[in-house]
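Alright, structures below, take your time with them.
First chain A sits with chain B, and in the next complex the same chain sits with chain C.
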Partner chain A sequence: MTSQGLTREGVLKDLEERFRDCIVEVFDKSPKRVFIEVKPEPLVRMANYLFKDLGARFNIASGLDTRSHIEILYHFTIEDLNLLISLRVKLDREHPAIDSLAPSFEAANWIEREMHELLGIDFNGHPDLRRLLLPDQWPEGVFPLRQDYEEWDPEAIRDRGV
Partner chain B sequence: MDFKLRALLKSPWVFHLSTGSCNNCDIEILDCLTPRFDIERFGMVLAGSIKHADVLLVTGSCNRQSVERLKRLYEQMPKPCLVVAIGECSLSRGMFIHSYNCPKPLDKIIPVDVYIPGCPPKPEAIIAGVVKLIEKVGGTT
Partner chain C sequence: MARTVVPIGPYHPLQEEPEFFTLTVEGETVVDIDVRVGYNHRGIEKLSERKTFDQSTFVIERICGICSTSHPFAYTRAVEDVIPMEVPERAKYIRTIIAEGERIHSHLLWAGLAGHFLGYNTVYMWVWKLREEILDAMEILSGNRNNYAMFKPGGVRRDIKAEDIPPVLKKIDSIVPTLEMLKKAILDDPVLHARTKGIGIFSKEDAINFSALGPTSRASGVARDVRKDSPYGVYDQVEWDMIVTENGDVFDKVVLRVLEVFESIKIMKHCLTNLPAGEIDAKITSIPPGEGIGHIEAPRGETFHYVRSDGTNRPVRHKVRAPTFMNLPTYKATVVGETISDATIILAAIDPCYCCTERVAVRTTKGRKLFSGQDLIRLSQEKTERLRKDMGV
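Entry: the complex of A and B
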């Protein structure tokens, strides 16, 4: 099945029926934007359905550190419908871990590496979870985009000297 | 003044290095080379290799990854040489001063001869800065 002949309502209804047990909440924000909160375990299955069966494009994933959880939003667009579907996953703050999407499609590889080093999310089954952006001397276990990040470098200068 | 340095400044060859800038300063540097501003009338030419350069133009906020490359380039540069910091980011890191990835300003890493402030500085400001540099060293413009 491709995205030919699909409607926005049809796609959403199909997703809700097919993944009834996995979906926590559907938030229909605007005609172009839908947020679907999903449980972490079946995410790979749902992302694969969107990507391979519906023909959606994987835009990007974004990681967030909120008060209660660490969230990942996987953004998929169905271009024929002009619809952006964001799958929201809430992870435990202490040990955030989720199955990797990189074995399913290569585009998830680098963004998962980036979220792994900046937010400390573990991606199970990722083929190559090395550092991507941070320098080699960066200490292990310090995640700069966490809310509780604190300066670790004693040599850093944070005033303008005036 | 240093005779060798003064001799260089008849026609300073310039190497342009971006240490993680937003590219706006880099666009203004390119503007300087266009016929409208034509910085070549002062003898300045962009050098393709740091080993041919007399002046190092640095833009950007010196993040942890690029600082290593910056130090390596500065070591490879033939001495005596001059360093010009262009834009607010390379002067004081601008809005990135509290960023986890920008620990030090440029002048705490390598010695800087001229500061050209602005976000981004206009081509006129860059030309004025470079002309002041040449006059300070004792060359003629």
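Entry: the complex of A and C
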């Protein structure tokens, strides 16, 4: 129980009721960790509810290429409950795109830029999708964190796992 | 008034690391700022996918030269979260000791740099000398001043010997009087106040909006500290206070970090004197498929690691998020409206991660006079007095 009257069970039940149509699967992993798979369309609405109404902190998002999908996990912490909620969305691998969280809160700005260039995910409505990490000479459309990434620069000395 | 663009970087003799700032100024006032990073991008997340779980610990220890333990700490906790499991009690204590020692030296390093950026080189020299004692203590404990290589999934790699504890405690105690003096100097010094009070104010609303971390958020009155919010190691078994200040200016960030050093000393001493006997490694044999998250409070804020395993001995995905990634964008909110001369210290106030692990060792003085720390303080005070007399103040 916190000053806001939140409890772990209360928050999870509230989320399940409020977003009944959006949730695909809830995986209650451990007392401190919950993974909720949601549909991509209502993600922004749900993230906003967590961030603004429940006062959760946006830790970060982590994207990955599962070979069948491009998956993004949005991690939120409710500090008063010692609970980390990760929202999982699965996007089409050919044209991964989802609405941006950056207009809702600044914390999502840079990580969406990073996922855009490293995994090739389009964030609709992002105010500034310029390159963040990769050098200017890096070719367009080559995404280093994709599983099928192949070395494009014959002169590069990069780790090939040998 | 006409606008001028002042580019700083990406490579500049006064910058420790390559970054590119574009400051747009009207006269001396900053009206816009843009940051470009990536000049140091090494692709460590990709690299980690090609290493085994044990090898990755060493790769990511090299992400940062200052908080070299925070990444292995978060990473090993992420791997342990995949299983899930807890490490032995003694390993928890040792991890906490190393992490707090790192916080002390990192905060002192920052305080020194802050003095340097303000043109206050006495503070810089003074504080870095203090930091040496802590680095020596870390060398006694781990064999290294930085990059301690103490962590492994399941526990720690090296035990702390009973005979090493007294000299380490002595080193820690030795910095306290000077630290008290530093605290008093910061709270009293009118020059320092003039340069830092009310400068680069970061509001509470912005701290929440940017999800700022560590001292950057705590100095704005947002009480966030993973050590309290989601205790790991033995932080829930030790009495210590989370330092929170309200004003969000550079001054509050200085005070906050100095006060945190005292808390870290408290934690470190408690752990060293109450170190329980027992195993230091739970000896993980295999990592099942699944995913895990590890987050810990590094000196600059929360370090966050996400690991996914497919049951082999390599992670299929390893996401690393250092605290500066969240704190760096915040100076859009702090620098605009300030003068260009204050931009440096405002940028420095979030403690962006610099790598500096170089050291110099003087083995012989060849007959020259060797000054002790006390001698140097005396000489410095004498010189100040002389200056005062010359200037008639």
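Observations, loosely collected:
What we mean here is this: the second predicted complex is superposed on the first by the 153 of 162 C-alpha atoms of A that agree within 3 Å, B and C clash if a C-alpha of one lies under 4 Å from a C-alpha of the other, contacts with A are read in each partner's own complex, and residues count from 1 in each chain.
As a convention for this text, a contact is a pair of C-beta atoms (placed from the backbone, for glycine too) under 8 Å apart; a residue touches a chain by one contact, two chains touch by 3 or more.
Only a predicted model underlies this, so the values are computations on that prediction, with no experimental measurement involved.
When the two complexes are overlaid on their common chain A, residue A:Leu73 makes contact with chain C while staying clear of chain B.
Of the two partner chains placed around the shared chain by superposition, chain B is the only one that A:Glu155 touches, whereas chain C remains out of contact.
More residues of chain A are touched by C (comparison of chain B with chain C).
With both structures placed on the common chain, the touch criterion links A:Arg131 to chain C but leaves chain B unconnected.
In the superposed model, A:Pro144 makes contact with both chain B and chain C. Residue contacts after overlaying the shared chain place A:Ser100 against neither chain B nor chain C. For the contact definition in use here, the residues of chain A common to its chain B contact set and its chain C contact set are 133-135, 144, 158, 160-161. Those residues of chain C that touch chain A in the complex are listed here as 36-38, 41, 43, 45-47, 50-51, 81, 84, 206, 208-211, 224, 229-230, 291, 293, 295, 302, 304, 306, 308, 316-317, 319, 321, 325-326, 328-329. Remark: chain A residues 133-135, 137-138, 144, 149, 151, 153, 155-158, 160-161 touch chain B in the complex. Interface residues of chain A, counted against chain C in their complex, comprise 29-30, 32-33, 35, 57-60, 62, 64, 73, 75, 77, 79-80, 82, 84, 86, 105-107, 109-111, 131-135, 144-145, 158-161. Chain contact summary for the complex, chain B toward chain A: residues 64-65, 68, 92, 97-98, 100-101, 103-105, 108.
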